[in-house]
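Let me begin by presenting the structure, written as structure tokens, before commenting on it.
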Amino acid sequence: MADSRFALTELDDLPVDLRERVGAIAEKSGFVPNIFRALGHRPAELRAFLDYHDALMDRSDGLSKAERELVVVATSGANHCTYCVVAHGAILRIRARDPQLADRVATNPWQVELDERGRAIVDLALALTREPELFGEAEVARARSAGLTEDEIWDVGSITALFAASNRLAHLTALRPNPEFYQLGRS
Amino acid sequence: MADSRFALTELDDLPVDLRERVGAIAEKSGFVPNIFRALGHRPAELRAFLDYHDALMDRSDGLSKAERELVVVATSGANHCTYCVVAHGAILRIRARDPQLADRVATNPWQVELDERGRAIVDLALALTREPELFGEAEVARARSAGLTEDEIWDVGSITALFAASNRLAHLTALRPNPEFYQLGRS
Amino acid sequence: MADSRFALTELDDLPVDLRERVGAIAEKSGFVPNIFRALGHRPAELRAFLDYHDALMDRSDGLSKAERELVVVATSGANHCTYCVVAHGAILRIRARDPQLADRVATNPWQVELDERGRAIVDLALALTREPELFGEAEVARARSAGLTEDEIWDVGSITALFAASNRLAHLTALRPNPEFYQLGRS
Amino acid sequence: MADSRFALTELDDLPVDLRERVGAIAEKSGFVPNIFRALGHRPAELRAFLDYHDALMDRSDGLSKAERELVVVATSGANHCTYCVVAHGAILRIRARDPQLADRVATNPWQVELDERGRAIVDLALALTREPELFGEAEVARARSAGLTEDEIWDVGSITALFAASNRLAHLTALRPNPEFYQLGRS
Amino acid sequence: MADSRFALTELDDLPVDLRERVGAIAEKSGFVPNIFRALGHRPAELRAFLDYHDALMDRSDGLSKAERELVVVATSGANHCTYCVVAHGAILRIRARDPQLADRVATNPWQVELDERGRAIVDLALALTREPELFGEAEVARARSAGLTEDEIWDVGSITALFAASNRLAHLTALRPNPEFYQLGRS
Amino acid sequence: MADSRFALTELDDLPVDLRERVGAIAEKSGFVPNIFRALGHRPAELRAFLDYHDALMDRSDGLSKAERELVVVATSGANHCTYCVVAHGAILRIRARDPQLADRVATNPWQVELDERGRAIVDLALALTREPELFGEAEVARARSAGLTEDEIWDVGSITALFAASNRLAHLTALRPNPEFYQLGRS
């Protein structure tokens, strides 16, 4: 049972800029998340993926870090993406300082109990996830009336879009979560 | 009827690197494709999007340029993405030198008549598009037995993933295709 | 790549009444639409099909000619019917004097921008198209409150029904659109 | 609880040709099937509907009468069409001289036990019913290898198409089955 | 064509308590319903099934007997369960003293005409049947505002749950309805 | 945020037989699983539920205990049932002595890597879960050819059926998992 259906690239075999960038993440986590090993044989794609990720997930205004992860876990749950649910479930546990929320969000994002703002964020994200052709003015209006700003609506939509891609890369590669992710943030 | 549900950014208001990059496309096409105006208010996201796009769509080995567009039009058709179908339909007409293929692919990608290699490419892409959780070893095996290399399988999967994101950005923004796209490559 | 999966009947081999009737259409269009060649080996069915079509599409009161084609293109798009989308897309472009509307309607009928009456017509048609068992009093009430008369509601429903049949005949026969349709009404 | 959501037309108010034609059916059955009362306010449509129906259902070669009704009941069951299931269920009971078959076919056409030819007929019909965009060469090849001729395949496909329309007319009108149908052919 | 895909157990071969219990039903009906013959080889399961059934279907307060059968027929229709539709359709005909209602409910539970209370019962049941992950506070609130008590809501939900199991046992065993059921309560 | 949408019954308020039975479970686990508190106000239903559960889950021959839990977690994942996924995920971790398997099974049961027997068990269970009307001889034949006995096929089917009920009870009650379940068996 390999970690990916395709060839993996180890940290030392990445171009120097990516080695530094992924190395910093690895140092912080204590391991190299498998997604980087799986995308590493295509440095230009990995670089663009990291740039897109950082532009959306490290933004300081609008949604909180925990809310950004909420979008990721909800849409990855709806897409049945094991790597993203396990890896970002761990990050959500840490960001939200809640050891149980992520499992509930991932298993049933449609009905998980959330406060009004959280529900509006997840509903907006879900509306773009599985049948995006039905997404329209009504969904945006509901988000606005729950108090989301235009900028926050953009964030929810764009994170949903990025992880629509990310989920599919994980499905494409049959990517396995690193064992460490399962236990992070549980206690 | 605006071109996007959110604020648009005109060429002159983009950061200089993006102004040059998008400007070059505009010069070649004769117009600024609306996707760049729609993403322009988030330069870091637009830059990452362009980088990811170029890494996958301008690659010289493996799939031909026309085959890459075939993936885009088939999956955007399955996702009912008007902007992507109209814009990339135009590019497919030009790349494939076929004024009719794009409309047939976009309308019914599941049954459009293609040669064996084209069918294998489109089947692989469709398997990741709407129910990616069902994608597995069987789909990859079928692609291999139609002669696709590992590198080509990766390309099909990654382009499908990128346009899963791109389609959703267009749904999020209710993005309208530029009028010029409808007619390009038809004669 | 044949025009139909089954035997085709040329104009000269049709019974005299159908030869005249289809001949008149061919004279006006400059070509014999493939649907008539595909159904021609069953003259009684072709005759009934033409009668039903004319009873609904050539009616002078209620819906305009363009609105009738709007129903056809929206439901054929939802059914992914290549022949009907390409052929009736051309007619819609001509009837609505709009070179872009048809592609937008066919690609995403659920969210294409339309005025209130157009939206009510398309919503009613879509409600009968893919999950007709859910069609009920609520859908009819919405159409009425958008100002559609009983007669217009009937027209929308019956045209939707006829093209539910027509789409399936095109799927059955793998019917290819005549090349002329792709370009009609685009300039 | 009216028999139709729209105005009904009684036998005496039909144009003379339809009065005779529907009258003959009424005489044979002992009642006027509600579909004719529901369509009667649009004589041209009723006439075309009857012509199409007779061309397909009264054909003497190829499929047997019972097999034609099998297609109707299977596809109407898949479409949850109450009028068609109850009315044509009665006819199937009579044509197949089997008081139980129709209820089994209508409730679960995908798995009802049938002989090989019956299964091939129903599978072909179902493939065109709910997701006709997936219908292709594979479905036709399976029908051929079960021994169906081109003419029989056409019949199955065309009857499926006609009742895709007919089911939707019944959904449009919330058509109620005549009470007599429920009991016909049960003993 | 066997009555079940697995071994059947006849009345005389059941443990004594089940022989008495099923025997009493058989005496009343005039035949042994096939579900008991199909489950009989697992006495502990049959006993629990009967206990659960009786706890829910023979309760004297809250929903009427006919309303309990309405839930069974509606959800079994939505699940295309032939045994349950035919067997409980018979019971519904008898309990509701209506020879036609059951066929209408089973064929299209979503749109069958019912009074407000009946509609609320069936809507609640359907919301739990096919996509139970979407069931939430909104569905419960609608049931309450139609006048259902907490106890009645529980009954509808629990009967739906029990027959979600029962339908699947019938699908698992390809269970055939006893011939007697088809005709019961029709005159 | 209550543990159930309906009234809860504490251990001390259960009838004596249930108090002993649930008490024994509570003693072993260290807490009263919420499902028993949620069903407790209907003792006859809780008793039947426990009997059915024990008849299937405590059986000594055929499927192993871990395999029985595999069926529960896979089908509860497909049904997005938070309580069942979290509670039985814990039991599967313990029974299979694997801290990661349950999360992978629950998130994507269709593609989780399993050995041939495990895959056959899960495929059989999934075939009965969401579209049970399509379950037929082909699914049973595949299970047989992977070496499952008739008795094991029955177990898989019956456990799937029981948890189709159980999942819906949890959806009905918006049942929350006890906090202890999240962490059990993870180290």
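The chains carry the letters A, B, C, D, E and F, assigned in the order they are written, with residues numbered from 1 in each.
The working rule: a residue touches a chain if its C-beta (ideal position, glycine included) is under 8 Å from a C-beta of that chain, and two chains touch if they have at least 3 such contacts.
Here the structure is a predicted model, which is why all the values come from computation and not from measurement.
Contact with both chain A and chain C is made by B, E.
Counting hops only between chains that touch, chain B reaches chain E in a minimum of 2.
Here chain A and chain F face each other with the same set of residues for the most part; over half of the interface numbers are shared between them. Superposition angle, chain C onto chain D, using Cα atoms only: 180 degrees, a multiple of 5 between 0 and 180. Matched by residue number, over half of the contacts between the chains of D-E recur in the interface of A-F, chosen from A-C, A-F or C-D.
Between chain B and chain C the centroid-to-centroid distance comes to 29 Å (mean Cα coordinates, whole Å). Chain C and chain E have centres, each the mean of its CA atoms, that are 43 Å apart.
Note: centroid distance chain E to chain F, computed from Cα atoms, is 23 Å. For chain A, the set of residues that touch two or more other chains comprises 80-81, 108, 110-111, 133, 135-136, 171, 174.
Pairs of chains meeting the touch criterion: A-B, A-C, A-E, A-F, B-C, B-D, B-F, C-D, C-E, D-E, D-F, E-F. Interface residues of chain B, counted against chain F in their complex, comprise 133-136.
Of all residues in chain F, those touching chain B in their complex are 108, 110-111. The touching residues of chain E, when paired with chain F in their complex, are 5-7, 42, 44-45, 47-49, 51-52, 54-56, 79-81, 128, 130, 132-133, 135-137, 140, 150, 154, 157-158, 160-162, 164-169, 171-172, 174. Listing the residues of chain C that touch chain B in their complex gives 1, 77, 80-82, 85-86, 99-100, 103-104, 106-108, 110-113, 171, 174, 177, 179, 182-183, 186-187.
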